[in-house]
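Both complexes shown next keep chain A, but they swap its partner, so chain B is in the first and chain C is in the second.
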Partner chain A sequence: MSIKLNGREHELSADIQNVAQLLGSLSLENRIVIVELNKEIISKSAYADQPVRDGDKVELVHFVGGG
Partner chain B sequence: MQDRYRKQELFIGKEGQSRMEKSKIVLIGMGALGSASAEMLVRAGIGELVLIDRDYVELHNLQRQQLYTEEDAAAYLPKASAAAKRLKAINQHVKLQSVIENVDHHNIEQLMEGADVILDATDNFETRLLVNDAALKHGIPYLYGACVGSYGVTCPILANGDAPCLHCLLEQLPQQSETCDTAGIIGPIVQWVAAVQVTQALRLLSGQKLKAELCAFDIWTGDYSRVDVRGLRDASCPSCGMDAVLPFLNGAEQTRLDVLCGREAVHIRPGAKKSLNLPALAEEWAFAVDHVTANEHLLAFRYREHRIVLFTDGRAIIHGIDDIVRARSLYDSLVG
Partner chain C sequence: MLQIADKIFASRLLLGTGKYPTFEVQKEAVAISEAEILTFAVRRMDIFEPSQPNFLEQLDLKRHTLLPNTAGAKTAEEAVRIAKLAKASGLCDMVKVEVIGCDRTLLPDPVETLRASEMLLEEGFIVLPYTSDDVVLAKRLEDLGVHAIMPGASPIGSGKGIINPFNLRMIIEQSGVPVIVDAGIGSPKDAAYAMELGADGVLLNTAVSGARDPVKMAHAMKLAVDAGRMGFEAGRMPEKNYAAASSPTEGLFI
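On to the complex of A and B.
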């Protein structure tokens, strides 16, 4: 399946079914992230329960500390 | 109108330019972001700029910290003074104040007194959350900006009782984060972050509103993302919620440092205990550290000529140093 990630087409392997797995596939599982799924911000506690489906629009911003 | 600002004034208007020349911006950190923002603000004719940094110029800064020269590095000039020297040569009319200090809960309120905008150019989250607390208390807009690798992120913290604060967004002090010392950084992303922050400052000073929007860009891949964060204001936030206690400003969350007498070493204790994944850190830091020894409690290694022992709870002992400000800077450049 494919989603729109930060405005671009992004292919997902079939084993990625929720937000937590999506973050894992992007190596962001240990970062502080804001996840917007179809214009709705997903709370951090719901990442493992929130399904990701074909055609979803996802915006991801993770925080960094350098400067 | 001073001729030197004519083209800017055509864009932001007479009123905007005149407010610009009467305004004061405080820059927290004079590394890469601070250098880039300061130069833009001084060229734009800001009235007064406060330059705060605890560090001195080193050769490895020159790749991206645009105000500094080889001469500054050879002379171990503090960044705040080296910056002022260069900025004065660019625009003699800007009032500059150099502060060579570590920002902490004792001095932050005094350092930001009278500021119209606070611009974030620090290299660690603890200082950011401290500045966030102080900015909220005094109702001063605070422009968060940071970068690592080729990725940068910005968000205005508006302190208007409506938008979320940085503490709402992060929820907690990150346990560990990538830093420019461990993950690297390229110069162009610094310019992007600073450009966005300075534009936000120009908008605020010209009387325009800012949206509470998180904005991120990876300048290497071209990935851009933007999230409207208005809904993330947390009513129970310890920094901006109904029972706000400003935990970073009151010192409760502040990292403690002690010189270990007779050992030329500094002991660092984070205000809130961490639980670090040391094997993962050792892997991430492979290019920055060497002589690594690890066991289940600690990681020992050499980093910039110092022997450092880091414990899982975030405590560290840095050997070969008795200057706590310098020790803190080393710690932040690793752990973030």
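On to the complex of A and C.
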């Protein structure tokens, strides 16, 4: 299946079915990252229960330098 | 001490975290500035380069308070979206409302800033709007219940310093919440001047990150903010149009 990840098409292997697994596949599980799925913010406690489906739009955002 | 909502800070210098030459320089600059509140922007992660160092992740969050901004937003709705994402990190409940209305000047959109502030207050944020130096707008924001007012000294990143001290002074005098002069500070004299006008704090970024020696400038800004504040508290002498001799006129023998 494929999702739109930070504006780009991203192929997911079949074993990635939830947000926690998606973050793990990107080695982001220990990073400060905020997840927005189809414009809904996903709370950290829901990562393992939140399914990722074909065609989903996922934004992974973080804090960068700014004034 | 600077109090914003229920939070108390020893430092009246708020520092931006953009555009430093290296992380090492930035860390040293932040340390020597003694700034507690640091601003950040919220952006897409470069997920295809996840090993990139991230300044925030190297920061001792027990010593610093995050002030995410909504930079990039042009509408209230966009600002609220960014603010909610920042808060979802679980690392902050304050937000610098920044809704830009003009790409060339980066001046804030007053209507959208007001709307965004109202929406974010309803969502329970501690709201610090970056605003122009409009005196009535500052009052309208305060009436909404914002926790601090952050009028610009001059356009963002311009380093032009305080171009309208008259308006800033009126905003400071009327305000029942802290006034933090944000944007446009170019040099230590500007920071000291803002504090002498009675500002509760100064927020700056490029004045430090864009200096030839950012670490030394960060130290200078700390001293300038302290000096300006002390000068304000001490109460400056009255200004006169003509000279008044400091040496006695009596006992003159020539």
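Methods note: the second predicted complex is superposed on the first by the 61 of 67 C-alpha atoms of A that agree within 3 Å, B and C clash if a C-alpha of one lies under 4 Å from a C-alpha of the other, contacts with A are read in each partner's own complex, and residues count from 1 in each chain.
The rule we apply is simple: a contact is a pair of C-beta atoms (placed from the backbone, for glycine too) under 8 Å apart; a residue touches a chain by one contact, two chains touch by 3 or more.
Only a predicted model underlies this, so the values are computations on that prediction, with no experimental measurement involved.
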Who does A:G66 touch here: chain B (first), chain C (second), both, or neither? both
Which partner does A:V33 reach: the first (chain B), the second (chain C), both, or neither? second
First, second, both or neither for A:N6, with chain B first and chain C second: both
Is A:I41 in contact with chain B, with chain C, with both, or with neither (first, second, both, neither)? both
Does chain A have more residues touched by chain B or by chain C? C
Contact residues of chain A, present in both the chain B and the chain C interface: 6-7, 31-32, 34, 36, 41, 44, 59-67
Quick check: in the complex, which residue numbers of chain C touch chain A? 16-20, 26, 39-45, 47, 50, 54-57, 66, 68-69, 71, 81, 84-86, 88-91, 156-157, 183, 203-206
Touching chain C in the complex: which residues of chain A? 5-7, 26-28, 31-34, 36, 39, 41, 43-44, 59-67
Tell me, which parts of chain A touch chain B in their complex? 6-8, 30-32, 34, 36, 41, 44, 59-67
Any idea which chain B residues touch chain A in the complex? 29, 31-34, 120-125, 128, 145-148, 151-153, 169-171, 174-180, 183, 185, 214-216, 223-229, 231-232, 277, 280, 336
